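Sharing a structure, written as structure tokens. Questions coming.
Labels run A, B and C following the written order; every chain starts at residue 1.
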Amino acid sequence: MLDKKHVPHLLMVFPFLALFAVFFLYPIVSGFVYSFYDWNATTTSRFVGLANYQRVIHSRDFSKAMWNLGSYIVITVPVGIAVAFCLALLVESFKGFWQNFFRSIFFMPVVLPMFLAATIWRWIYTPNIGLLNTIRGLFGLPSVQFLNDTSTMLYSLIAVDIWVSAGFNMVIILAGMKNIPRHYYEAARLDGASKLQEILYITIPMLYPVLFFVTTYGVISALQVFDTPWLLTGSSFSQYGGRQNALLFPVMDMMGRGFGELKFGQAAAYGFILTTVIVSVTAVMFALRKKGHQP
Amino acid sequence: MTTDVGLIRSAAPNYALDLSIWTVLKWTVAICVAIVAVFPIVWMVNVVFAEPGVPVSINPRLLPTSLSAGIAKINTILSETGYLHAYYISITYSLLTIAGVLLFGSMAAFEFALFEFPGKRPMFAIVMLSLMVPTAVTLIPTYLLTANLGWLNTMQGLVVPGLASAFGLFMLIQFMRTIPREMIEAARLDGASHFQIYRHIALPMSRNALVTLAILTFMQTWGNFIWPLIVAPSPQMYTVGQVVGLFNAPFSHVTVDIVMAANLLAALPPLIFFLLFQRKIVEGIAMSGSKG
Amino acid sequence: MADLQIINVSKSYGAVEVLRDVNLSIASGEFVVFVGPSGCGKSTLLRMVSGLEEAPVGEIRLEGKVVNRVDPAKRGVAMVFQSYALYPHMTAFQNMAFSLTMAREPKALIKEKVGRAAAILRLEKLLDRRPGELSGGQKQRVAIGRAIVREPKVFLFDEPLSNLDTELRVQMRAELIQLHANLGTTMIYVTHDQVEAMTLADKMVVMNGGIIQQHGTPLGLYDDPDNKFVAGFIGSPKMNFIKAKVEAVRADAITLSDLGGRSRLELPFRNFDAGIREVELGVRTEHINIAQDTGATDILAARVAFVEELGDVTFIHTDLSTGERLVVRSSKARHRGSTECFVKLDPAGVLLFGTNGERIRSA
């Protein structure tokens, strides 16, 4: 079956596929195998069946991380998209230069590496002398330990998160808005629709696929949140998650078990548990979308 | 004619008044959001370019106050820490990654987008499925593989595992699909070999997509924190991100202005890139989003 | 200068047979036009000659040599595509020079050859432009220039003019005829526009359903088609077809009856096969005349459906009582608004076809 004429094609795809197989497929398979073994860098490995999975699921950190993740996603995704949508509407209401100008300015935080955004914000959140607390001081309010008070930590994280991602989602939503044919709006205007009605009955329904993409993408990346909370808290393998693990998230927990405690088997199991969660959530979202499409 | 003009005149003031309330509101909101968006960045710049010992936050201001102080801080960092070396590592890491992603991605995309060959469909399906797999699963096994290869703390350890970018491939395939089949056939008749068609037709025709992918890859590599952190933990291989992390560590005993100077240096390349290529970047993101 | 033979060539995509047993011989320097309805396999045949499509069954011989397995680039054929297929990132010059660049010809030679082709096509002033900055006609000329530069043995054109507007198409047609006269190279040209085919072709090849129906000179096919398909395909307006019964067969004439329901027609015909009871008459519009109702049996009554008045000629579309459509061409009389008319067929212009569509020829 292997004709000579196919050889050039196969040669051209080979480098990519080889790298892909070695650094993507093989790790997945080997990770799956690791997840059934108890081993670390020094001891020899030992088959333990599902023990790693059980240990992960029954650990207190896991429940805490999952709980945190749930609360985080439930707030950050809808609020983030609402903010992005409003920003897109705002930008869209400008013309020419100013549209470009505001689009670029609003997008600026996306350009900053995540590690930088997080560190800048850490300083802004600093108790007493940080920017936010200084401003509070001007109004005679007491200093808040934004990143060390369990009642504010999650919200502080979400604020950074939205600050970072709103521009990204805004750009995608804007592109979607540009694709809505003008004549829909013209027809609505002839029918005497108000601005708000236009948004409710034309913009949002027409943006459905884009909003779905942004939501799905947002949920998938939120499920893997790592950089920001890691940097806002201790940012080392010996210290992460913040006070009372209020900012402990699954990927962080997994990394800690792997690189902090060198329990690679558990970490691998953790990875697969997480993947299962992510894939199921994604599947549910796609299923819901299908359902939403049926008349 | 005259009645027409009259009509427009009488309608105009109402319209303008209506607009002006809306306009004022919209400008106010836009400017406030703009301030929120850029303030942390401006603040960072202000902290750096201010006399040391003046806690900037107590007296927030719009413009930097001391250029020389800022330059002095940057000098201190560059001369007294491994920052320059980290810069070198980060740039090398980014450039090699861009080169690899573009080269291997475009070669494979060329085939997937324009030709039929045995195994194409299953291969393509597997690569596309991988877009759904979270990095979380592969991170640790990939790290272990890299370690087994003896690539910890090496440049190849940083770069090579990230080269098979399914996202990059997907983006380039989408683009190359728009190259007409007849164009390829014309080149074939003109005596171009398979590789020459790739080199002289497909690559130049995909220039826009390649530039966009290069920029996105740069942004992503430069901002990649987690992979260098685990795969290159030795100080000789510190990337900018890790060095910034050190400055930020709780017990580093460095003052805020020095930390921000370090941050500013790290932010500079992507910010400059953004100012130069903002349209390409924004369009690239919009494109990858709307295709998804 | 090259002659080309296509011998027993067939082609299928999976179970779908696209070409069946194609045989064709093309002399050196001939301008051959493949014509036929959409999907009949013209492009496929052309692409098999070019080598872009494999030819697993049958033989394609160029200058006597079998080229089925020869790489397209090495066959010495050049192709001009309907979509031009110009490289958008290269200037007109670079487009035309591409094949020479690939062959690593010296710069001076490339310049000279491209310059010569540009002169033939009057492109000298446009050489620095990119395809995006050229009009449709100019793009097509660059595409032709790209083919000329290669000095091919055979030029292949796949509907090169169909993206142009009518006026430009007529002009480019004239230029192609001129080009063929200048170069004297074998050219194969695909179109589904029969007027284009008639005006360009030395030899016209009519295809339908993957089969060559007939080939020959354009007028040869017009006057003497082998079957009903060719007869109907060539000529505008289309040839009229009327069913008839064979009433009487004599040595050098036959009598047909039931034309348009009731009329009869006496036709000179030698050696008619007396076993055939039903035929179909093919008559071109110019062989039908408006007549007076003299009550003669060879007059057909028709009802006028609509009239196309083009000034110099008038086409009267009429319906016979059998429901058959008959288009009459009248260059003298203009339509006066009547709804009934009488027509008479000119026996010299009547062709006979069997019920299977094949031509029945007088021996």
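Here, a residue touches a chain if its C-beta (ideal position, glycine included) is under 8 Å from a C-beta of that chain, and two chains touch if they have at least 3 such contacts.
Please read all numbers here as calculations on a predicted model, not as lab measurements.
J.: Make each chain a node and each touching pair an edge, then name the shape: line, ring, star, complete, other.
T.: Contact pattern: an open line, chains touching in sequence.
J.: Give the identifier of the chain nearest to the protein's overall CA centre, each chain being represented by its own CA mean.
T.: Of the chains present, the most centrally placed is B.
J.: Roughly how many whole angstrom separate the Cα centroids of subunit A and subunit B?
T.: One centre to the other, that is 16 Å.
J.: From the C-alpha centre of subunit A to that of subunit C, how far is it in Å?
T.: The computed centroid separation for subunit A versus subunit C comes out at 62 Å.
J.: Cα centroid separation between subunit B and subunit C, in whole Å?
T.: Computed value for the inter-centroid distance: 57 Å.
J.: Could you pull out which subunit C residues touch subunit B in their complex?
T.: 50-52, 72-74, 77-79, 81-83, 85-89, 98-99, 102-103, 146, 150
J.: Using the touch definition from the top, list the residues of subunit A that touch subunit B in their complex.
T.: Contact set of subunit A toward subunit B: 1-2, 6, 8-10, 12-13, 15-17, 19-20, 22-28, 30-31, 34, 87, 90-91, 93-94, 102-117, 119-124, 129-131, 134-135, 163, 167-168, 171-172, 174-176, 179, 210, 213-214, 217, 220, 223-224, 226-227, 230-231, 234-236, 250-251, 254-255, 258-259, 264, 267-268, 271-272, 274-275, 278-279, 282.
J.: Per the contact definition, I'd like the list of subunit B residues that touch subunit A in the complex.
T.: Spelled out, the residues of subunit B in touch with subunit A are 26, 29-30, 33-34, 36-38, 40-41, 43-44, 55, 57-58, 60, 103-105, 107-108, 110-112, 115, 117-118, 123, 126-127, 130, 132-145, 160-164, 166, 169, 194-195, 198, 219, 222-223, 225-226, 230, 241, 244-245, 248-250, 256, 259-260, 263, 266-267, 270-271, 273-274, 278, 281-282, 285-287, 289-290, 292.
J.: Within their complex, state which residues of subunit B touch subunit C.
T.: 180, 182-183, 185-193, 196, 200-201, 204-205, 207
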